[in-house]
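This structure is in structure tokens; I'll ask about it shortly.
The first chain written gets the first letter, and so on, giving A, B, C and D; residue counts start at 1 in each chain.
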Amino acid sequence: MVNPYIPYPVRIDEIKTETEDKSLKTFKFVFLNPEDEEKFAYRAGQFAELSIPGLGEIPIGIASSPVEKGFVKFTVFKTGKVTSYLHSMKEGDIMGIRGPLGNWYPWDLLEGKNVVIIGGGFAFTTLRSSIIYMLDPENRKKFKDIHVIYGARSPGMLLYKEELEQWAARDDLNMHITVDGTDDPEWKHHTGFVPTITEQEAPAGTEDTYAIVCGPPVMIKFTQPVLDKLGYTNDRIIMSLENRMKCGIGMCGRCNIGKEFVCKDGPVFTLKQLNQTPKEY
Amino acid sequence: MKVIKIDKNEWASGLEKLRSAYELIGPVKEKFYHAFQPLESGQQPDMDYINTRVSPKYVIYPQSELILECSLNENDEDYKIYKEPEKEYTPKAILGIRPCDADSFSLVRRNFDTEEYKDPYWLRAYEATTFVGLACDQPCPTCFCSSAGSGPYSDSNLDILLADNGDHYLARVLTEKGEKLAAAAGWSQDAGDEADQQIDQKKQEAESAIQSRVNTDKLASQSLLDLYEATDAIWEKEAFSCINCGTCTFVCPTCWCFDVQDEVSGKKGYRIRNWDSCMYPLFTLHASGHNPRGTKVDRLRQRFMHKLKYYVDKYENGIQCTGCGRCVQLCPVNIDIRRICNMLNSYDPESCTCEVTAS
Amino acid sequence: MKNLLEHMGVEPERLHFSWISSAESTKFVDVATKVTESVKSLESKEKKFVKTKPKVA
Amino acid sequence: MKSYTDKIKEIAKRLLKEDKVDMVIGYRKGTVPLMHQPFFATSEGEVDSFVWDSNCGLNLANYITDRKERIGIVATGCNSRNIAVHVVEGKIQRDQLYIIGIPCQGMVDRHKLAAMAEGNIASVEEDEDKGTITISGQGFSKSVDKAEVLQENCSICVHRNPVLCDELVADEVTEQTREQADPYARVREIEAMSPDDKWAHFDDLLSDCIRCYACRNACPLCYCPQCFVDESNPQWVGKSVDPTDIRTFHLLRAYHCAGRCTDCGACVRSCPVGINVRDFTKKLEKDCLELYGWEAGLNTEQRPPLDTYKPEDPEDFIK
């Protein structure tokens, strides 16, 4: 019997501070036992429990992409007991990761379709994983047009800044970066909230077009009417939820929305599915 | 399946024989109430017990259980690497468990034994346990097992079913595990041809003695969201008296939710799982401070919707309740699952009304 | 504060209150020594409110 | 207690009819014996569910914390004292409340009666004239003097009449004097033990605790948005059923109630396993009376002794 509670031991290989307020850091982990990396086969959109022995676990979306080998990456916002401690840890430290957990964005369904990725703030992590996955030379041909709309409060709060610039320079991806406001005269991308930029830049919602939306509740609240207006039906709006979790395997009972567990049946749901569940997230 | 006769003195001596192979657990009287406890050498279970306050679920699923441990000593090779603690799952026998409590394990198993994941701690403990049930001839006024998918003689999760018949028990040996235990105890007296009928007769009598029932026939066809949104008709008023303690969930044989906590002692780290309760605000509180079930109305609704609707829809196997009546008896503010079950079952979304029964 | 602790079986010798400034190192040593001695001198050797490995299944 | 019940209904109907209050909080008949349910009525029709007898043991002050409505509330002596504590602590305004005072004759102890019964209790009858309680169930029926099966806190109570109310449902009952009631007899018994015996006594007392927090949540004083046991940063206490953690919870909870506890007994009544939580709180109540001459909730002006400082404080270490 495989014990689903035992984390794989990992070493922190690299820590990168992402944002100017230092509240977000990206941790690159390497598995202590190379064979564990194979067991940890994941798809873009899944999450894992980061486990700090003696302290606890936290569920975090996987920011690295299945096409990146040799490591896994997570971008963590400093907020509670475990994340605060994690932010104080150093390269070389040993901890654990347990997963991969949950479902993923519906890649099979998205093949041959236009994909619009809409993200805000630090919910961009599994979207990064998805973009890298789709841009992989093997995979890019599977998708039609790809749009990415990503916003943060200010330029300094954007995640993965170097990669964003690289993506913006590509011609096989429509990149729309925006910030709520900035006094930087050099800023060459959009200024404005994500829903506004979506209205301006997102393609019309045809049968062939799917939107993946991931961000803070207020962004989702105002983006949804825009997508409705653009013609996206609820089954073509894909969202990723988060709820307080412990086990991550559908057993401990807390993260449910109605009869679905966010950890096991989710975290990815279509808006159509969510309309059939209580709004307990 | 065969029926054997166990004289009561033979019962006592048989238990002593079992001790070498099994850890025995049975009902014993404590200060005020009965509880399932390990039986010391020579100690007999009190088979005339009134149902226990806390259910025997703890035998399989302890309230606090060590699930992982690791060294926090930097010099150790496995420093900070969590491992499963060494535990022995020696055979146990729960003696005199009520059929309703035994049935609860089948309900809980659906949570811990899934296609994708298996909870090794629950499953190993469950598999190491032999369930010797005592049919229930004197139901409590709060018992509603027979309308909750269980019953006073239900044997679907038992290895042996005992029916008290004066100076002896008639025992249905239901499984291989049961046969093994009966053999180890030296119980082999054939009960005769009539015994099966006798048990059925007693079963009918016991079932007719149950006065309390719940209606569940319409639960599956009700709309989940209609019930969820019946705030004015049901939830607001029913939740008023709730004080958000965890009594109902902790005494319930079918509540399985847990929390995972790490503790450190000296140079060792421990990961422990503890029973948790959907009644507590902390259960769902996000680190951001947002709480998707922030009010007691939300939490009370979660508990009853889970038992009476989500579970019904998810597993298509009835309600997540065996009708043991503990929460009804022990809720300090008299929130009664029978009343709420009947309200949900009879809810009419057109008129937003439901039938209120005094149960 | 002492009363309820004493009531549940924690001897008053196990609980001390002192005002010590961060500059008063000698006073800190004195108090610490005094506390240790008073606990050692107790008749009861039972550990009270000392949690070692959590007692769980 | 029909006269009390009728009078409560009469007052509640009047208050709602005259729009003096938005809701009236009382009890309705429980679905099981010995357990009436806290209940609120917003219409005259709902008022007919109200009931009063010896099974109204949970403290209704619990249900008014931070409420904004104008509330009519049924209150015994201890309940009215807890309402006063709420007013002092700013958890409700006095002028939001219309207190329907109950001269209280005590509540029966559900744990004691359960232990006396030879089976499951199916019904409970109270004979007011004879002062007896009759419990019955399958194959048994037993009558006892109500005085014998009162909750312990009720039998030693010296504030049976409301200290704060707008209207009484009946004439005041005679109060017992402290000499008659001897409220601290049990505290003295424990005080007389050796330290290790005391330690063992509390070990035994808490051995059945399942940390369901019914005692805390039934307590009208425990209204903190987050209890110290639920805090994770810093984490004050472990969350398992480790005996040290369980004792820490009960000890600290008692301290948080020091000088505020009215000995209403809701903690003991609500405990599913019958722990006498009052063994902690009663000691502090005694200390507050002896050290500060203080009893909680007797008026709506004075703050409790442990959240004020006076130079003449009897504890010498803080001087």
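Observations
Here is the rule we use: a residue touches a chain if its C-beta (ideal position, glycine included) is under 8 Å from a C-beta of that chain, and two chains touch if they have at least 3 such contacts.
These figures come from a predicted structure and were not determined experimentally.
Listing every chain that touches subunit B and subunit D alike gives A, C.
With every chain reduced to the mean of its CA atoms, the largest distance from subunit C is reached by A. Two chain pairs, A-D and B-C, are compared here, and B-C has more C-beta pairs in contact (counted per touch definition above). If you average the CA atoms of subunit A and of subunit C, the two centres end up 51 Å from each other. The centroid of the Cα atoms in subunit B and the matching centroid in subunit C are 43 Å apart.
Between the Cα centres of subunit A and subunit B there is a gap of 39 Å. Looking at subunit D, one finds that residues 238, 240-242 touch two or more other chains. Along subunit B, residues 63-64, 259, 261, 263, 270, 272 each make contact with two or more other chains. The set of subunit C residues that touch two or more partner chains comprises 51, 54, 56. Touching subunit A in their complex are the following residues of subunit D: 232-233, 235. Residues 187, 190-191, 193, 195-202, 238, 240-245, 247-248, 251, 254-255, 258, 280, 283-284, 287, 315, 317-318 of subunit D are the ones that touch subunit C when the two sit in their complex. Those residues of subunit D whose C-beta lies close enough to touch subunit B in the complex are 30-33, 35-40, 58, 62-63, 111, 114-115, 119-122, 137-138, 208, 210-214, 216-218, 226, 230, 238-242, 269-270, 272-274. Residues of subunit B touching subunit C in their complex: 62-66, 263, 265-266, 268, 270, 272. Residue ranges of subunit C in contact with subunit D, taken from their complex: 1, 3-11, 17-18, 44, 46, 48-51, 54-56.
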